[in-house]
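There's a structure below that I have some questions on.
Labels run A, B, C and D following the written order; every chain starts at residue 1.
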């Protein structure tokens, strides 16, 4: 089967979404993963944007979470207050799956999307939290897209923007956060999860042709790899639906 | 005291009357949608300096204000416009070069801060950001805060839940209210007294509008008083909050305005290219802002063909077949 | 976890499934408008007891639930229906005879408490009631609160503003969240999944709906999924909050439903007369509630002529020439 | 001129309202006073309800603040949150005039609309605060309707529902309330105000045929009467507009 790495990553994320999930989407590949889930494996999942749209029809792929395409044929058009209240609400928040990206991630799935270097005098400035910190704070689980690079898988983040498990199994509780936290990290070489006891990242599986060692070589910290399997490649159906129904003009892929 | 008479003004006059050097300003919209761009360009033309800007995720407007040197301080959650600028380019440059001071919040926190201002309460609580550097790292240090009456004495305050575990909650973080000197929003419809109707998502515009000491409204359509009052379920901002109403068709251009027009992908791509280079950016500013005395001149420069290509399908609310590469 | 499939049910089944003895219940509407009366009458018919009710100013519905002996505890801001019952009569009697325990709040406080529940935060702050007996006098004493997990440990908490005078504020009072077991609202339109459209004022229905663990919606019109989604700017409650959807035309009768029908002044006057006398009230309950197996039977008993007399002018939203003496 | 006491009271309240004021209305005579002001002396005042309606047209008199008549032809239809946020907002709250009634009032204009007797075991239960405590807490001034009776003008309230000046000139500030407080008390015998230094009630004027002593006889506490004048009777124009434009069917009058 012929597929690109980006297609594989999108489909890996889509497979994590189930019917009944409410999917919080950011821009780009995360939005495409939500569309793919809805079109492939979870037609009764609900697409949800921090800007206030819920259950958008998405006839056309949006290029930002404020794209007018997300406002068409929704259940209700509100604003940011409605969206974030839905996230923090214990009933609806428990059903939300957040899909996030970041510049850096650590062993406990904490994310940095703010700065590299000192906060007051940064070497590199990124976009900032947006709703990422909010979704990471509130919802029951999140899926994180990351590129495998040593400077991105960091022992210590330059700035902790969005909480994962903070410093360990009781990190969130000590800080006062609701339960929840990161569930999967989808990279360009494989997929990681978090151990249910230690809350540390571990390797779930490698993409075809990739070895655990290659993944470790692209990280600043060590993770367990003894449970790693090979990830299933995209099926023809998955690829066809992704390409033809979700992004026919190749705006994201 | 906001006067009840006709508040309709020219954009030039509204901006010069209310937006002074050092003004604390918030602008409505989100990344690439319903930014009050005509007003932003007018502020740039008037060379207003030292603005203290409040934003959640207002991408295009904030980046252009920063790029033109109007901004000295910024409280923000996100600087970007999605695919066109994943991180706002002039914002990134200004922060890295330390020509502006920035303080980070999350989108919900900024929304709550505007809501607190709108509801006249000093702070609101949330659980977002507990355990993160959003709480630990401040853009404005204590001494700076003490010297400035318009900034609260603390960025955020973490407190125990006095209702002892109620709602399974041990701690919350309190976010302080924002009461901008001026808010500018762009809406689809307003009447001469300042009643507003926003179509599609409202973002945090309603909260930003009601939090401000002065409110400038730019609108696609200016209607008589009865038109909006005949269907008040669709209106979000009553006139008592309004100070100036300005009719500016395509007033959010190049960002989108649901049911009226889409974002202009060509403009925003060209903007992003120019923003990466200081000389190119100065040429962009000269050509598209300073050489255009009004927003109509900008639209003429872009060309009516391009503008027509982004006109929205009234039912879908966007331009169905727009080339967005 | 609220299922996504068809949530349409019969009223009898929705009430018996979700509203148990001892249930913590809130109902939507305000005094004489959009009270979910059909559901109230069904609760009375099912002889549900020991309800803990949360209300801001829900007059008619709360008074009938109390009168029928369904309520043991009540957290409320106002019991009345305006001109018809400046103070709710069975409520007044029950409080004076101490057959229910009541705890007082203001309307804003109750609204904030529902909003806190809806936004998943333990409390919200306001300056309302500082210096008053609303803070000093509790309906539920400390020991009672300790024994009941569904009630917070304190009625209200006064605290100093940690942002040191920010917004000219020295103190605030914190109001604890309400998370009812069930909320019932009556709306003009809903679809089979539970998306809702309320016309006219929403009161605190949206907050009450989102705060609840379970939400029952009764509606004038039950529509297919596309109808409401074709104009989502007018919808307030997305289906993810809904558990049961019940079509009940005139479901708010004898209270009003904007654009559908007015309140029935004759019914409400007769109710007030009956409520003043225990025997007359039992006769009222027998005739209008227990002898009517469904809401349709009640409407038939009242007579279609009376019901037609309150039909609303769709433009004005009420019955223009209704005799309201 | 022929007029009823109720008409006189309504017109007295209406005269206190100015163009630009936003008038918070309760049910009954307070709503009629707001309509009278709009039709007689303050056409550019704005009628506002705690239920969320602002600038209602009021073609027909409402019988409650949730009457569908208040929802017709407003500037915006919201809900209670919008209404109370407008009240607590320092910009809009400063322009609001509240019109209130109560069961009891004291020297400092504090109101009771909750119970007579003990809170836990009341002799008489009233409706409760509704939005009265909120409006009395937030807005810059309020006008109070009261019937002159000893049991209503009390040395000590059985329950303090809505704050006036609490216990004196700095009572509101000590308690943490915004500035503001009661402005006028309109009774069936005359009109009272509050001294700007002591914040105690004093007699502004008597209705025709009423003496200050008659008023004092109907109060449990003493107030100063040395500034009292006679209140101007309604004009023919005021009466005609009130009767014909505001309450043609005599639903409130």
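The criterion applied here is as follows: a contact is a pair of C-beta atoms (placed from the backbone, for glycine too) under 8 Å apart; a residue touches a chain by one contact, two chains touch by 3 or more.
Because the structure is a prediction, the values reported are computed rather than measured.
S.K.: Of the chain pairs B-D and C-D, which one is connected by the greater count of C-beta contacts?
M.R.: When the contacts at B-D and C-D are counted, C-D has more.
S.K.: When the C-alpha atoms of chain B and chain D are each averaged to a single point, how far apart are the two points in Å?
M.R.: Roughly 40 Å separates the two chain centres.
S.K.: From the C-alpha centre of chain B to that of chain C, how far is it in Å?
M.R.: Spacing between the chain centres: roughly 37 Å.
S.K.: Where the CA atoms of chain C average out and where those of chain D average out, how many Å apart are those spots?
M.R.: 27
S.K.: I'd like to verify one number: the distance from the centre of chain A to the centre of chain D, where each centre is the average of its C-alpha atoms, in whole angstrom.
M.R.: Those two chain centres are 56 Å apart.
S.K.: Note the residues in chain C that touch 2 or more other chains, in rising order.
M.R.: 120-121, 126-127, 167, 169, 172, 179, 200, 233, in rising order.
S.K.: Give the residues of chain D touching no fewer than two other chains, as numbers and ranges.
M.R.: Only 71, 77-78, 84, 87-88, 90, 138 qualify.
S.K.: Treating touching as the only link between chains, describe the layout with one word: line, ring, star, complete or other.
M.R.: The chain contacts form none of line, ring, star or complete graph.
S.K.: Using the touch rule from the top of the page, what pairs of chains touch, sorted by label?
M.R.: Pairs satisfying the touch definition: A-B, A-C, B-C, B-D, C-D.
S.K.: Once bound in the complex, which stretches of chain A touch chain C?
M.R.: Touching chain C from chain A are residues 19-20, 22, 44, 46, 54-55, 57, 71, 73-78, 84-86, 88-95, 138.
S.K.: In the complex, go through chain B and note every residue touching chain D.
M.R.: Touching chain D: residues 1-4, 118-121, 179, 195, 210, 213, 226, 228-230, 232-233, 235-241 of chain B.
S.K.: Please output the residues of chain A touching chain B within their complex, sorted ascending.
M.R.: Going through chain A, the ones touching chain B are 27-28, 50-53, 59-60, 62-72, 77-81, 84, 87-88, 90, 110, 114-115, 119-134, 137-138, 159-163, 166, 171-178, 249, 251-252.
S.K.: Spell out the residues on chain B that touch chain A in their complex, using ranges where they run on.
M.R.: Residues of chain B touching chain A: 29-34, 56-57, 59, 76-84, 86-88, 91-92, 95-96, 98, 102, 104-109, 111, 115, 126-134, 137, 139, 158, 167-172, 200-207, 256, 258-259, 262-263, 265, 312, 316-318, 320, 324-325.
S.K.: Once bound in the complex, which stretches of chain B touch chain C?
M.R.: 120-127, 152-154, 157, 159, 161-164, 166-167, 169, 172, 174, 176-177, 179, 199-200, 233-234
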